[in-house]
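Take a look at the structures listed below.
In the two complexes below, subunit A is the common chain; its partner is subunit B in one and subunit C in the other.
Up next is the complex of A and B:
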């Protein structure tokens, strides 16, 4: 007898559950469009920033031109400097070319990480950085000034 | 009729509840939209990184040109290098609508407390007690892909050498010529080695010298380079000429007649 009398209250409960269900559905639907820090869209942007900061930091420290215009530094100090400048879970592959687009380091990889990762990852970031030339004084060679632009393309992917 | 209205009260409630839920959904959706698009606003940072790279390399071009000018006296080198750089930038950052203009200073300008006469953006005032090498370019950057027009930045490059004094050291029979070397914004240069001083001439004669550098906190309150050469007696005065090249390859030459104390 009492159960029949409370029918209206049960309806309110059902309405509340339905309302909650609609709300959760709406939030779930909208969140599929979200560009959150974890999403691949944001990841590429974050890697680009890391890559640019690494190259620009080396340039501001007056190290970059010394690495770029000295082939003996490519696989040793240049690679090491980039590994130090980037987080340990970020793999990189740096390609260097002249203004004609000729790749200058096809046989000397400036790389950290498995090359396969660059083929398989969905979130690969690419940073282009240009360096115009160099002027320096060396105690053995004296003054050297050279205008010879190089384009650096740094590919980055998270492990 | 009244009875029927009373009977349909529950249906009215459902309509009101549906409206409220719709309002809630729209509100939540608008808040979520604001949250999901928040990170998209950071995309313009990639253009800032291009601007940074252009500024850094434009400064490098000015430094290279000044270094070349102080070595070869080629007054047109800055103009020539800037023309090449402006053309090469278009190829390197194609698709961004990048355009870099420049105006070379051709006027007399007071900078860091000294008056310099620029010619095609370059100036040197050498063979004095206080000598300079300088360059000054105003750049004008356009990045049409992001609607950036007329972004101006000035790139002064500067090297100053001041011959301070000459001291006699009886204990070692040496004369020490003391110098202060500064770059733009009067920042002391403290990384020079003996090889950077390519010439020390005293009374017209080249001298071999030993090299010291230290911060003189007592009298000069500055970073000082001291070039010492042997002299069995204390001269009353000397005329000295010094040439120095900094790590960027920029050269400056100074000349002074000093009382030896």
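Up next is the complex of A and C:
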């Protein structure tokens, strides 16, 4: 019974437990600040490159303005072209606006993937791409060049 | 005194347990981070390697065009087209040097591995079409099959999908059927259709009397959202020898009887090159008519082991692949061949490199769309660390 009545060593036990807790907590706390490759900083950068490459690639192939200035292409061919250009595990949502910032496709989604993904994901990349206008050739009117800027905002999320 | 000792002992044990747990947990926490860093490092190396391969023309800048190709003369590796002002435009001559078995010469994986200084890493590289065109998928495995004459009569089913597998509706499919008959005649037929909501359509060219046809090749040009891919399929039943060991380097076309198991049942007898057709993005063109002279003769072994010709202006046509109409013996008849491999199937490079680790969990895959001969392809690099 005597050994349980003595309290002289108990403080040491509490001290060592507290010290260990402080040590582990400190290391855990510090590790949350480490920028690991799966954190949003890296992911967003990679997705931005992908998105810009996709839009630039379509522009280089002279397909982009044909899609942008032709509303009937938006939900079909434009969406298909972006799906072809981007890896299959990347979801996208493209929003188009004019010079005044008015959204041109609120009712015609140019999208691949569940819209909820864009609301819930921590790592959404956004790419802005501008087109100044278009030129087209008509056999009756001849060649037509029009300045009609469009801003494309491409949101990307990894599946 | 005994109480103090007991408390100190308990304190020591608990501290020991916590210290041991910390020793196990903390490195694990760091290890997960290290794994992420390792993975990111692998991704960076893969991206840099792919960029080097696709943006650098290499040295000499026209190394793919060398007629007596020696891989040792390639001082720096890169696939970009030297004359192009745009990025990510690849040189078809260099790309074809990545096809193992190319009769005009090819570069081994080990050579590129060394030149890219990827010691400790392994990779697999392929250049595939931007979407899949699956012809006559009778066994539902997502792969194309050769076509029988019955398929041709009933209609050949074509399925167009994204590379991830989901179907593409409203894809425009244009087919060209090239036939040879018992009378040693050669002709072409056309058909076109669009895919339905399931990405499928049936191609049914009007073939007339099917009994007259002894061999055929069907070329499919599929366009989705302005992006085109061209693939082909051949008649089933000629012992899978419809793919010819062929190459297009610059303006030179070379074909050869492959080594190993024979070409048809026996290697004896003479083959004559009757026609050579170039399949380009905008059509199929007959670029050569044979004359059954010694110049058009191919035999197994000896001086006529292969056939090579210079076609001035061929590089301007940007041919994707070729169709050879050959007169073959035992019994004497016309047979159609496709080449080079794998161009005829719509790909440019099929799984070049080390195939072993491509499915490894730590492997990193990066891809980029590229232009070759005016057509869009996807260049895909899979990189992983070699086990020590």
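Here is the rule we use: the second predicted complex is superposed on the first by the 117 of 159 C-alpha atoms of A that agree within 3 Å, B and C clash if a C-alpha of one lies under 4 Å from a C-alpha of the other, contacts with A are read in each partner's own complex, and residues count from 1 in each chain.
The rule we apply is simple: a contact is a pair of C-beta atoms (placed from the backbone, for glycine too) under 8 Å apart; a residue touches a chain by one contact, two chains touch by 3 or more.
None of the values given here were measured: they were computed from a predicted structure.
Report for A:133: first if it touches subunit B alone, second if subunit C alone, otherwise both or neither.
Only subunit B; A:133 stays clear of subunit C.
Quick check for you: in the superposed arrangement, does A:85 touch first (subunit B), second (subunit C), both or neither?
second
Quick check on the superposed pair: does A:75 touch subunit B, subunit C, both, or neither? Answer first, second, both or neither.
In the superposed model, A:75 contacts neither subunit B nor subunit C.
Applying the document's definition of touch, where does A:61 land relative to subunit B and subunit C: first, second, both, or neither?
second
Who does A:10 touch here: subunit B (first), subunit C (second), both, or neither?
So A:10 only meets subunit C here.
Which partner does A:28 contact after superposing on A: first (subunit B), second (subunit C), both, neither?
Second partner only.
Let me test your reading of the model: by the given contact rule, A:105 touches which partner, first (subunit B), second (subunit C), both or neither?
Neither: A:105 stays clear of subunit B and subunit C.
With the two complexes superposed on chain A, say which partner A:145 touches: subunit B (first), subunit C (second), both, or neither.
A:145 sits against subunit B, while subunit C stays out of touch.
Once the two structures are superposed, pull the subunit A residues common to the subunit B and subunit C interfaces.
8, 23, 27, 31, 34, 36-37, 42, 60
Inside the complex, what are the residues of subunit C that reach subunit A?
Interface residues on the subunit C side: 2-8, 10-11, 14-15, 18-19, 22, 25-26, 29-30, 32-33, 36-37, 39-40, 43, 86, 88, 130-131, 162-164, 168, 170, 224-227, 367-369, 371, 376.
Taking the complex as given, what residues does subunit A use to touch subunit B?
Residues of subunit A touching subunit B: 8, 11, 15, 19, 22-23, 26-27, 30-31, 33-37, 41-42, 45, 48-49, 52, 56, 59-60, 62, 65, 99, 127-137, 139, 143-147, 149, 151.
With touch defined as at the start, can you tell me which subunit B residues reach subunit A in the complex?
10, 14, 17, 21, 24-25, 28-29, 32-33, 35-37, 39-40, 42-43, 45-46, 49, 52-53, 56-57, 60-61, 63-64, 67-68, 71, 81, 84-85, 88-89, 91-93, 193, 195-196, 245-251
Can you list the residues on subunit A that touch subunit C in the complex?
Those in contact with subunit C are residues 2-10, 12-13, 16-17, 20, 23-24, 27-28, 31, 34, 36-38, 42, 46, 53-54, 57, 60-61, 63, 66-67, 73, 76-78, 80-81, 83-85, 87-89.
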